[in-house]
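Have a look at these structures, which come just after this line.
One chain, chain A, links the two complexes that follow: it is found with chain B in the first and with chain C in the second.
Moving on, here comes the complex of A and B:
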């Protein structure tokens, strides 16, 4: 076979693909950034039951959670400029990346608003009363007592979203953005070694999501330290994790999933 | 001093407070007793405006608030004059014992962190938790958590501390340590209103005992009188049910 499998191509493609890694990461970072702001803004009216805004937020959330992201990308890229033309705003000159980041951002925002809503609801109501009784205003109670705890509750779910988002960025290729998948497609077409490009691509996605996972886990550990049952245990876990000791040295209760303890 | 006049509160159709008048003098310790559902906890929560009374006037010191035309500012001012100790402790679970005590000082009283820390440490030592400053609530026993709750309330130097069944959620062997702390601060002349089921404690600590039933104050008086020689039949029946002599067959 003329274009037989050749492992050296994989090593050759990896650095080439890494050249566009920043684009993929930019989409993820931009989308999560927009998503956090939009998500919080969309969650608040529903948490505080603001009449009209609550409805709007519901429509927004169901649209972005109920339609495929690929369709959303097409709608935004081809539809938005047409729509804005009606009010004499020209956005056709903006780079494709802009549309991609905004679409992914709004998409993430829908999920994040649901995550925030669930997490805020999960924070013990009694602590809000305690905050009021100490003399805090509604805003202070939310910002200082509810939000930090809600974030700690939300981190694991949020981590899933980030990882999912990383993989979904490959759809940006459909609009011709030369991110990881787009670049891989080009390399494949040029060299006719598709299998090798896809293997190289998979390795990179895997490495990036593994790294992201670790960073987010670190974050989770730090934010949830108040949920630990006892200090010595938490300390040991922390050391083990940083030292990357082999699995067998982890005793079952150390590697077991945390369960926050609620006193009756 | 605290003066409640004509406090009424309904949940839906059910009226739980039917016009309560109560006066608590400076430095007085008042215990509120009564069967469950009598409205005693609701009354306490109304004083701190965690429950919005339907009508009536609440006065703490020179701050008065009419329930029918209370703005956010009035509520805020009223709350800053009182502090509450909750049945479920309600400590901020993402903050250490010390941070729990400091929180109100730094955020509400705008005290510097160093100063707040100093006062926090002093207060936690006072409630016997000098060794647990940096422990998170999840690592403290119920009794310890409640003592942090008391330190948090004391830190604000309120004109009155409201205790909402402070020992009801505790294991029996932990009740003593919390009561001992409350007893100690009662001696310091801090005004306190305590909703409790601990008869012996009420008798021992309170200057005055208030008996509530079905949303009204049935009887009030010094503990010796109320426990020893209650005037009202309802009080008598309530106390009879709770006397330690009562035996249970299991």
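Moving on, here comes the complex of A and C:
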């Protein structure tokens, strides 16, 4: 490599990379959207112990959490068109982005179903009993009592998932999608200044994940305000307000296995 | 193009030689990562002046950027560093002599280190302060107390997260194909390149990864049962 490190390239590359930021964010948003729907559908049979569907959902979760997302990407990219051909749907003309979003969505769905399951199980059973004892119906008890608490429990883990997804979108370059990483590689090849491009890329990822984390943290505090109304809360808000990370408290029910795996 | 089930088997057999590469990548990154992570976690927990700041900067940076970016950064910057060093000290060798897999080892270890440091930190924090105090009160030194009392318990507490990290690194090792290391993922591409049966090849790779993941989970569960014997309740 016959070139010197030139810091000005970094500042040059950042705006260029930012032009494709929307693609990365679109993949994240699409994946999380699909993931929420699929995840809920996959979690319900296991929560209510529906005979056959329960097994199916188990296999689905196990597969998507047991194989690397890169392999899944290739699998769907090459396999989905053939699979859908069997039912006479032609998807060969669709852009690659479609396959990427579907794969990331299904991958997120597997994790989200685990998060939902863990969160609902973490809500004390006495809460449901109390709801029944004041005359609520099954649906009312779920919607008014269990769900809000479960969401509050799930949000920190969900936030981790969103950040993990953001980082995983970097793999979309393998299928030739021109998102941040793909674009960075092109810029690097064009200018032969690889190191500067990747530093710029890292800065952008860092900034985006930092911003996302901050937004999700605000969201988390808002949802969990029913949990603590004491001095500690005021302190935490103060830290948050000043831009510090509040001390994360452990929630044993959702920690452990249910934390989404980091990859990529 | 129709699905060719027999090729899945062919690909499966063809992929087997690449399993050691994937496992070695995982093993090296997890082991080095654990060492780096423990150092980082201890530096942060004991608030060692300069080291603690460096450590938290390192963890924030790595956890905020994709593993792929670390790999690419290392891959393109480490050779420059090596060449500069060897020119400086007249070592007589250059970056071209470094095998590709070394870059993957270095980069994956750095990635794993940051995640491991969080695992170790949460494990250590899960241990009651009283354990340390009790150890000190019977006359142990701080290193003794950490080694004999706190660490074994912390490992037990951190095991589920540790397992997740190992599986994460196993899955992450697929990225090695970007620096032309022939791991399972790259091998699947090679196996399929002769007849374009990519779907079958990746299916075989997915099955292998699935099996490896389940095996790791099983092993971890067995270790967990063994290691957390002390904390079971009851009387028997």
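Here is the rule we use: the second predicted complex is superposed on the first by the 230 of 264 C-alpha atoms of A that agree within 3 Å, B and C clash if a C-alpha of one lies under 4 Å from a C-alpha of the other, contacts with A are read in each partner's own complex, and residues count from 1 in each chain.
We adopt the following convention: contacts are C-beta pairs under 8 Å (C-beta built on N, C-alpha and C of every residue); 3 or more make two chains touch, one makes a residue touch a chain.
None of the values given here were measured: they were computed from a predicted structure.
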item	value
Which partner reaches more residues of chain A (counting touched residues only), chain B or chain C	C
First, second, both or neither for A:161, with chain B first and chain C second	neither
Chain B versus chain C as contact partner of A:187, first or second or both or neither	neither
Contacts of A:42 with chain B and chain C, given as first, second, both or neither	neither
First (chain B), second (chain C), both or neither touched by A:31	neither
Partner chain in contact with A:106 - chain B first, chain C second, else both or neither	neither
First (chain B), second (chain C), both or neither touched by A:124	first
Common interface positions of chain A, toward chain B and toward chain C	261, 263-264
Interface residues, chain B side, partner chain A - complex	48-50, 76, 79-80, 82-84, 86, 88-95, 103-104, 107-109, 135-139, 142, 145, 152, 156, 169
Chain C-facing residues of chain A, complex	1, 5, 62-63, 65-72, 74-75, 78-79, 82, 163, 167-171, 173, 181, 185, 188, 194-195, 198-199, 201-202, 205-206, 209-210, 250, 255-257, 259, 261-264
Residues of chain A that touch chain B when the two form their complex	124, 126-127, 129-137, 140, 144-145, 148-149, 152, 225-231, 260-261, 263-264
Chain A partner contacts - residues on chain C that touch it in the complex	1-3, 60-61, 63-69, 72-73, 76-77, 79-80, 115, 122, 126, 160-161, 163-165, 167-168, 170-175, 185, 188, 198-199, 202-203, 205-206, 209-210, 213-214
